[in-house]
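Each of the next two complexes has chain A plus one other chain: chain B in the first, chain C in the second.
Let's look at the complex of A and B:
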């Protein structure tokens, strides 16, 4: 070892010198702030067990060649390696379960090639969508991957989680928008996956399509080091409409009618339930005042050319009115929609419920800081009312018993790429007072999540539409949801990652190595 | 500068009660009842900083709109019967 480590661990001692040879000392971090700040993501985290997850060493590569050398070193020394982009995920894909090397891609943030003829751009995984669109705007182009973390998340993380876009009903989601990518496999080989062999193709049929295998793997199958993205003409016009309803059932039926309008400029419909409005009113710092008689809301967003959007906007206002909605006005509609692109700038807090147990006793109504659990099941339209009732009932039970949780209400977003109907990204948002976590409360929380996920499966849905199902509790249900397909996934994992170094422990993939020599 | 800030901070207007758990000191600026912020006490913010934060919110939202489209279409410009304009129609009728 040539350098003195501020806080060395045995693993860091073992790999540090070689990492410095690959990256230079400035790009190999072993100090406590660098490692502890890359331990968690915004999703609820067992803060009382923080040390169980701290990486041994953080590396900041700038090139594919450096990533290859780091991965080969990890594979040779059987050192766990966890890729991380912006660390904004609401599942815990970027949280190390076995310490090891944390590979942060933030310095792989170059925009390599803009093709204004074929409407593509080639970027590193550390590029953020907001900054990319600022680069594209003078060219009249637009990259429409639009999560609620739009100003801070990165292309690499969007691929690793198979992200969902607020405007995916019009433009598609991350898996539709990434045309091809370069992936460093766990043994250090570099492959390119896309549609066929071309890097800029939107459709091909040559042999098997491997591209989607590398979406949503949460860093268990490789590291994306470069991606070619599909661009769109920058929209001339946007129209957002928020409708108010006197009850959930009317809003639910209206949501169905709005989403089935057949308008090509339809980018999404969002249904807010009564508990969501209650939360927004009491604790959401981005809230724009709505009349007190509003019980449920639908939000609609349209994008396209002005010739598309203006007549479509007239149609949407008519459908909303005809199905029992009241337009909430331009200020609420435009302002609230703009705030949807950025939910990460807001301090999160919730309330302690009256009559709840645990630390809530004697503190009813008090405001406390909370982290954000976003259950994000994919559910068919016909199942939404039943799932809503069951999820709130589960949350109520845990809130009342443990006193550290808060029900922040439910959304249902149109979920399909280019098809704003049929299935929805359905969220129940639950606040967790993390400072009160201990082993008992954490076990209760994971049991709560498991119950919630089970409801999604029971209703023919999926545990997750966008964040990934890696979180403790719900991950136990992944084999149940996927059936025989999960066995194939384990075979693929073991074939690509024979030493189980890539984000080990995630997705129950350790099962792939049971009984292995 | 510090003296200005400290003096401004002392001139907080009286609170009006909006709901059982909400008060208002400035129009359209809702605050949690300070009695409900005993576990984690409310940060002291002078009036000038409250106004700065509230005003910059709309600047931020306008800035965000500009990332997604050249212009934002308003319902009022669509030439529709007022019944479709909901709360905007009520406002223009003086309700």
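Let's look at the complex of A and C:
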């Protein structure tokens, strides 16, 4: 198990002096802790193969000019380069597959050019949304990109993964909220992409639209060095309601009715299934105890002016009641919604299941530290019940056989920007006991993931709504999901990145270079 | 440039260390959400992931896996003020930690790693000098002033404070030798309110800084003397005037001495708030200033003391008090704690500068602290603001408002007042 990477590595030796010329010695790190600590993200990680993912050298640029010089150096020397913002993604976009240069943008965290007339702000990729909103608050503005990782994730990573926001049904998701951005391409050219040529426009129609190409590319097409964001007036009112149901089917139908209410202030609906309730009852100390007939839950959030939200709240309470829901009261509703970021980040431990194999034998019920896999398929409303059953069945099979997994239940979140109906971000949370990982268990895990992703595709969905489909296992199915579009993507990748230096190995884009001179 | 793991110390010590800490570290490592990062004062200014609370846990796992050694990481662990913000902001602490008996314990991990480094002979030069000088002089080598047992009570000149008694006022080294106006103000306030108290026969450093830097043996040596002195003079109740002392006496002394440590530890702010409540202390003299309060990390984040200072400030007539709530202040710090100021003064200065910028947004002319160690870097940062923001200790304000003329030295720093 013990193996030691050299410091510096031969690759680091090759580029070190030039990197120091670009950045200064303090911003070029080759020590082992700097490299090991910029390797994993929260998604399950093959700890037993940590060394496979450790970068050779870490750079901490502060300007676009520095990023350009670093990328040119990487391109010239054919050194892999992996951009990393907060490192909080739930796919492994920021996990290096081929070592190389790890470009950490946390020092590119300046806020420029707040435009209180056109409601935009220009920021570096290392800016965190919570900190940005602290800055915007005195101006009566806010930036509503609000993922579970809101207290820590950063604009650059939100773009790289094409993130989803908990209040996106009202305000849109990252791709809607980033109006334009500056991108350093893999060959070192700098372009600006947005709607047309203006940086602060929300709609334009000049020629082809390139902006969306640079959302969700997971660092394979370039590095965002600057972004212009769309701001909103701070909402005057927020309303959250949690409803309880005696069974999943009633909750599912109620979820559909709530999301189709037609209310413009609707920010999102979240459906908790029975297994999620079981998990919260079992292992969440902040869970407020509910009677046992509470089997499934819907959470609804409204944002807007008081004139919008107050009557809309009455409508929501009526719909919830009419469709078989019982309002869980202000304490649960307001408290749980306010704690949403922390609540969705708690799974740090799981339990070993009775009757499960592997290391769980004889240790049923024992609590162990577990990493969190959060599946995030995009699935149409009509398919939710079937997908839910299949996913739990897959998880059960792997839990029972290998003993190192735990099922923490499912959420379904309204998925569309400004359109909270029709499709859902569907999440199954699975715990993985990483301390027990070895090649066999890791292979089992990736096989499990592949089965889960296959179900999403079989039901006309997508492997991922917001994290990215770069994770081992599911990534194999990307060509199947995308068909001919994947061939076009490979052409684009090879055109923009002729030497395959940008986050190489991701998304099977290596195929674009097969047979190349 | 290269070195191999396990080249230092012995493998058994390494194994024992990771065996003790690996599961606790894994609770953070396997999650990796990093909500802590934006409240961490050091990360806010260095923005280097090596210095994040998450890295402090991940390194333990990397050590367990045989990838790195204490020698690789020891210097990274200097980058922590032990303020405790990361633990408060951890979703594990908020939602599940107690339930699983696996509460996130970053401060303890940092202390343990520093101690392990010292055991293994991996020392930080300034900390080594500081602790050696402390053990030598029995008090910390506070800058700019002669430090010895001969002048440890000079601040109390002409105040007629007895030595010994059931209640003892313990005076921190920085206050005893450097900002002598503070212990004078406190002593005079207590005298005015009729509180009986005495001083130690021979007061040594509390030993807390040594413990924070990883020098546990030296810490215990100093602590043992103080406890022996307390017992010899019949002390039962210790009034601490400084947040670090309060943490050391309530956490580190019981760690050193177990159940034998049976002294009542009182923090001055709780006591003074009580005196005001009971009408034993009247604040009558107006202080016509515009002020905000800096929550010292160890009071607010480590010990939950944030109501008493606000009650006290609201009792001072004339004061325009512009408060920032204590939860927002989880991300505030002076940068002076945990030995950071001794090894990395430039980072402390940057943290203090950021703190003063936040005060300036409130358009105040006074930042009130309750931690004497914070007041030096905060004062320097306040002088650099335009317009300047003065930094004072809350107990000096209490004394002034109670009509006490306080003598002693308040500030020797550049531009300060002697």
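Keep this in mind: the second predicted complex is superposed on the first by the 496 of 517 C-alpha atoms of A that agree within 3 Å, B and C clash if a C-alpha of one lies under 4 Å from a C-alpha of the other, contacts with A are read in each partner's own complex, and residues count from 1 in each chain.
In this section, a residue touches a chain if its C-beta (ideal position, glycine included) is under 8 Å from a C-beta of that chain, and two chains touch if they have at least 3 such contacts.
Given the structure is predicted, the values throughout are model-derived calculations rather than measurements.
Peer 1: Identify the partner contact of A:130: answer first if only chain B is touched, second if only chain C is, both if each is, neither if none is.
Peer 2: Both: A:130 reaches chain B and chain C.
Peer 1: Thinking of the overlay built on chain A, is A:198 touched by chain B (first), by chain C (second), by both, or by neither?
Peer 2: A:198: touches no partner chain.
Peer 1: By the touch definition at the top of the document, which applies to A:38: first (chain B), second (chain C), both, or neither?
Peer 2: second
Peer 1: By the touch definition at the top of the document, which applies to A:60: first (chain B), second (chain C), both, or neither?
Peer 2: After superposition on chain A, A:60 lies in contact with chain C alone.
Peer 1: Once the structures are superposed on A, label A:366 by its partner contacts, choosing first (chain B), second (chain C), both or neither.
Peer 2: first
Peer 1: Can A:339 be said to touch chain B (first), chain C (second), both, or neither?
Peer 2: both
Peer 1: According to the stated criteria, A:238 is in contact with first (chain B), second (chain C), both, or neither; which is it?
Peer 2: first
Peer 1: Now for A:284: first (chain B), second (chain C), both, or neither, which partner does it touch?
Peer 2: In the superposition, A:284 contacts chain C only.
Peer 1: Quick check for you: in the superposed arrangement, does A:498 touch first (chain B), second (chain C), both or neither?
Peer 2: Neither chain B nor chain C is touched by A:498.
Peer 1: Considering each complex separately, which residues of chain A are in contact with chain B in the first and with chain C in the second?
Peer 2: Common to the two interfaces on chain A: residues 130, 286, 339, 341-342, 349, 367, 369.
Peer 1: Would you tell me which residues of chain A are touching chain C in their complex?
Peer 2: Residue list for chain A touching chain C: 1-8, 29-34, 36-38, 40-42, 47, 50-51, 60, 86-88, 104, 106-107, 109, 126, 128, 130-131, 149, 151-152, 283-286, 339, 341-343, 345-349, 367, 369-372, 434-435.
Peer 1: For the complex, give me every residue of chain B touching chain A.
Peer 2: 21-22, 28, 30, 32, 36-40, 57-58, 60-62, 64-65, 67-76, 78-80, 83-88, 91
Peer 1: Using the touch definition from the top, list the residues of chain A that touch chain B in their complex.
Peer 2: 130, 133-134, 137, 142, 146, 167, 234-241, 243-244, 282, 286, 289, 291, 303, 306, 309-310, 313-314, 317-318, 320-321, 325-330, 332-335, 338-339, 341-342, 349, 351-352, 363, 365-369
Peer 1: Within the complex, which stretch of chain C touches chain A?
Peer 2: By the definition above, chain C touches chain A via 1-2, 4-5, 23, 26-28, 30-35, 37-38, 47-50, 52, 54-55, 58-59, 61-62, 65-68, 72-73, 76, 89, 91-92, 94-100, 102.
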